[in-house]
Amino acid sequence: MAGIGVGLIGTGYMGKCHALAWNNVATIFGDVERPRLVHLAERDAGLAQARAREFGFARATSDWRELLSDPDVDVVSITTPNQFHAEMAIAALQAGKHVWCEKPMATSLADAERMEATARRSGRVAIMGYNYIQNPVMRHIRTLLDEGAIGTVNQVRVEMDEDFMADPQAPFSPRSEKASGYGALDDFAVHTLSLLWNLFGHAEAVMTDLGKPYADRPLEAGGRRAVENHDQANVLLRLAGGISAVLMVNRAAFGRKGRIALQIFGSKGAILYDQERMNEFQIYRATDRAGEQGFATVLAGPQHSPYGSFVPAPGHSLGFNDLKVIECRELLAAIAGKPYRAVDFSEGLRIERSVHAMAQSFAERRWVDVAAG
Amino acid sequence: MAGIGVGLIGTGYMGKCHALAWNNVATIFGDVERPRLVHLAERDAGLAQARAREFGFARATSDWRELLSDPDVDVVSITTPNQFHAEMAIAALQAGKHVWCEKPMATSLADAERMEATARRSGRVAIMGYNYIQNPVMRHIRTLLDEGAIGTVNQVRVEMDEDFMADPQAPFSPRSEKASGYGALDDFAVHTLSLLWNLFGHAEAVMTDLGKPYADRPLEAGGRRAVENHDQANVLLRLAGGISAVLMVNRAAFGRKGRIALQIFGSKGAILYDQERMNEFQIYRATDRAGEQGFATVLAGPQHSPYGSFVPAPGHSLGFNDLKVIECRELLAAIAGKPYRAVDFSEGLRIERSVHAMAQSFAERRWVDVAAG
Amino acid sequence: MAGIGVGLIGTGYMGKCHALAWNNVATIFGDVERPRLVHLAERDAGLAQARAREFGFARATSDWRELLSDPDVDVVSITTPNQFHAEMAIAALQAGKHVWCEKPMATSLADAERMEATARRSGRVAIMGYNYIQNPVMRHIRTLLDEGAIGTVNQVRVEMDEDFMADPQAPFSPRSEKASGYGALDDFAVHTLSLLWNLFGHAEAVMTDLGKPYADRPLEAGGRRAVENHDQANVLLRLAGGISAVLMVNRAAFGRKGRIALQIFGSKGAILYDQERMNEFQIYRATDRAGEQGFATVLAGPQHSPYGSFVPAPGHSLGFNDLKVIECRELLAAIAGKPYRAVDFSEGLRIERSVHAMAQSFAERRWVDVAAG
Amino acid sequence: MAGIGVGLIGTGYMGKCHALAWNNVATIFGDVERPRLVHLAERDAGLAQARAREFGFARATSDWRELLSDPDVDVVSITTPNQFHAEMAIAALQAGKHVWCEKPMATSLADAERMEATARRSGRVAIMGYNYIQNPVMRHIRTLLDEGAIGTVNQVRVEMDEDFMADPQAPFSPRSEKASGYGALDDFAVHTLSLLWNLFGHAEAVMTDLGKPYADRPLEAGGRRAVENHDQANVLLRLAGGISAVLMVNRAAFGRKGRIALQIFGSKGAILYDQERMNEFQIYRATDRAGEQGFATVLAGPQHSPYGSFVPAPGHSLGFNDLKVIECRELLAAIAGKPYRAVDFSEGLRIERSVHAMAQSFAERRWVDVAAG
């Protein structure tokens, strides 16, 4: 049986990451047909040709609409800049393709809503690239919570921090423009919300403080320009079931490179996780013998499905790109009509709404309920 | 020259801790006269006698007012339950004694205000037992911030967590009664505020969410009783200079035993600290060579004054009780009219006000400014 | 230009790992032609077909000699059980193929010597799969040592520990038979020697103690059988230049899953590494300011070549399988006649000799010099 | 009842540490009579007076023999430089005093043997200051091993490293003279042997390699002088019951400040400890549920006797000086004829013999059995 036909739009880093996933998913899992890498689109025709050769795609085009009209293409990876997501995803769905779109959905809530509506009507699979939930460690944490391993959860803290905006002398960039979005809320809060959703469901109410570490930044041409959005956000949340939570994101946090730290406290124990050490988690069991209770650092291994499909020995580490292979496997399951775990456009829209509610809360200095949509 | 005459009221754990401090301060520092342990008060006369012998005090009494009238007593340690602080501290100050009072100041804001007013008028030294600021590591962090080692601070997160209220099956205790205070705010937020004050000054505005992990708890006699205060608090803060901060405290956080975690981000680096590993801190310098930048874990040593007065070699660890000896040394400096670093009644009152503002914020679901007093 | 033609013999875990590397090397690096996956050999014909489909190979065979006679095959990956390495590698070299052979070289020193001699005469590239040296972190450590970042190295400790033999109730397996080799020396010491070689050169003299934690193990059929080799080895070494070192390996070390811990001390600092956290290393610089000296934990990032070819952001983690892609890139460089870094058959033979010298040292209870070969 | 009468000879750092212990032991434990600080000896009469006032001793002398003839003195702390230990300890025992002597016993094996013989004949208590075994965490580890919590131990690694000799530009000091001893063996190996003894019994056979990181060092006056002993030692050991072990000590290990790292592997789990984080240990239990097995980091607390005598709450840290208070409590138990745990002169002599055997092993390049004595 022939494998699914893949189209890829965009060949920047996330495009490469999708290409690796499509190339590896059959080798890793062995239980899906090897996808056929059919068509690749990149704005520049020469680059498109080069990337197709590197990534192993059969055809290349500089016109993404041509890719969408290719009948051999069953599913389309969209990895272009955010402002193109809506147009491309909607066109792909309307052309009858399944869609795998990088996050965030779109640059406006209205666009995200149109994407979600189109996907709903299309009957096609449409999922977002929230790959952190695919980490075997994160999936195992979800299983532990479902089992009640730490009892009823009553408090959650989540932090996501990097430092690419930390240097006050770095020149003003589009990332600091209002047009690019709220700042840390768009870049990071969406990721943390995907993790919270996966474990606890969506946020129900939010209370936000935003922080702007640097009022302005130097222009390359001389002079300075005022920063128009916020590199930091601190949010009080109420999750489903009344769990109280705090969400903190900061893209100007010196020293943090890829931190996504979770602290989950329950009535029988606690679980900790940090994405900078994505191959481990910590668990504290109140039922362990007094005198030997402590956070156990558990290294990822075959018990944490599907780690074993990558490496048979525990403690040998998966990498960031491997998570995308797992996401790809979930996408194929969805297309095959099987149970899957991924952020589809409906859940993705809810995440977008949460982010907008956070921004509104800051503007109005009050708690804001997140519309259930 | 004879050393200062010491009276100690209360001989529970904090009383013992004060006794150790008074016993050790001269041996450790060598630059103060050895205090004379004059008089000890404990409610039960027999216990008072026994403790005086154990702790090395010359006289014992079951009547604390008798101790206050002892002319040999120059300074009084007050380590009794919180509800007695106001009466004893005010009486001691009025008797012309210096006062070293355990935190929190009092069980009502009005009492704290009377204590502060009395201290101000008395001309005596009156300090609170906020010993975490005395950790040589914490003092060094302050020096680093003052020097600008991590540039201008723009974001702070502080957490204080323990798990003595984490077990939902633990019987209802007075700690869960409204009369004992707000809960985690009184127990823990005051400590974290003392640390923030020491490094950045007082909180200016607060926005609070409180959490109650367990609605009720079992009674020893059978049945259940509703919990009346909150084991968890999450607070958005604005510190002096507009620094945005988050304060999180939880006395029901399984696995945490004595955690006070600080994350401080600045324009040139970052500093981390965790009280559970009180003999180290971490610093990230953006000026280190690219490729070798990372958080350096610095072990406490003689460079971190006054560590060297306790142990001459680095990496050999001070303990919790040692911090009280340093606090005692600061108290003696204050009495001698020298510069000192400790939370006096004036700063202590401001901390109490911050806590009350936090509670008000939760009740009114809005940002509350902290009165400067 | 057509990419190199690849043959793969063996499709167990390491076969899969090679397949992933051949599939990904062009996508990741973009500067090599995409290899053509030509021929795959697996003992069972049906399995060979299935794996070829999964892994993306064009042809499949149950006869590895058929693969060697395929003129489209330029390079052969040998990932079969150890006892087949010698025969296959020699035949492949004699057929004019380049060879990429998993470690260890062979089950006897004589075989390893024949392999090395054949490779030398063949003019083909023949490298071993010692992939840990390819970790960008490890490569960066090498650069740091070369630069003198920690001065002259004077002491090294290396540990490699896992726990797959730790359970005394696990049934007797071929791993405990004398025929399978010395035990921990073959399984682990070779890996640590590849790391030491990469950083410091080969061992010159060794003094060994071996440990047998369990004298016998249960047989599946009942009864017990004596363990014939050693799960533990502790070795004193002298490295080139007289550096004193200790090598400790243990495949019965409960709790260790993939630990390869290096401690390197020099005249200006120290470097630490642990494979269980393969995306970080620690460096201590004696030149940092007093009071802020400590081991800095550096997260892997684009400064550590070739990390950036996998992920553009630091702190996002590579995985075990990614190291094989880097090794593949080095192999292609070697074939192209460019500088490369990998363990070729000549260095591999020296590693084998070191292991045999270690075993001899234990048997004769004395220091043994390692023949330079 | 009057407390025991204490004499203290030597008031450097260890003298201060003993003074603190004598001052605190009754306050901390409450179950021993408060010792009377009777007599203090220090070479300089003025300094003796000053220290007596600081430390709380009633009398001071510049002649230690005068202290020994004071009938009020029941027990003598000897904290002078090593070369005086033998003469003072023997004189004290002959004067009918109990003795608490800092380690190492003496600068020659013959002296140590005379000390041990004198102690044995005297009927007095004579113990050495090996305080690391008194850490509540270490005592708990011993209990765990006795209970079989990790099964039968089959492998041990112990490291002790500091960096006070790491700087090659530091001037030549007496520590590098042959007269001061073997170097790291005397400074550090004795400590690690005390820990091993406490947990497993004495070493039975040793095989040693010594390392000299710097052949010579600069003289203050100009020129250089050859280093006469070894800053590094690596030792293969066989402990009682055939446990294989490795002991590594290095006083020139940059970055290490007070590291004493233990790794203990058994048939049911493993235990880790590091003195730089003396308030925690790690335990791995093979019986934990698969998927959640990992090293649990246990923070010291009241379950680890006698931590609770210092602080009632877990996770609040003891310090180095606190260990001496526990040792003092053991000494008082010994004097009272009760069970105690400390290194007496008999065990201390065995430790000295082990060290000499290590040196002999290096000189003769062979395994050496340690005489049982």
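We just call them A, B, C and D in the order they show up, numbering each chain from 1.
We adopt the following convention: a contact is a pair of C-beta atoms (placed from the backbone, for glycine too) under 8 Å apart; a residue touches a chain by one contact, two chains touch by 3 or more.
Worth saying up front: this structure is predicted, and the values here are computed from it rather than measured.
Any chain bridging chain B and chain D, meaning touching each of them, is among A, C; the list is complete.
When you average the Cα atoms of each chain and compare centres, the chain farthest from chain D turns out to be A. Chain A and chain D have centres, each the mean of its CA atoms, that are 54 Å apart. Averaged C-alpha coordinates give centres for chain A and chain B that are 41 Å from one another. Among the residues of chain B, those in touch with two or more other chains are 256, 293-295, 299, 301.
Put simply, chain B touches chain C in their complex at residues 140, 144, 149, 280, 282-283, 285, 288, 290-299, 301, 303-304. The part of chain D that touches chain C in the complex is made up of residues 150-151, 154-155, 157, 159, 166-168, 207, 209-211, 213-214, 232, 234, 236, 238, 244, 246, 248, 250, 252-256, 265-270, 284, 286, 293-295, 365-367. For chain B in complex with chain D, the touching residues are 13, 16, 19-20, 23-24, 26-28, 30, 33-34, 50, 53-56, 162, 164, 256-259, 276-279, 299, 301, 310-322.
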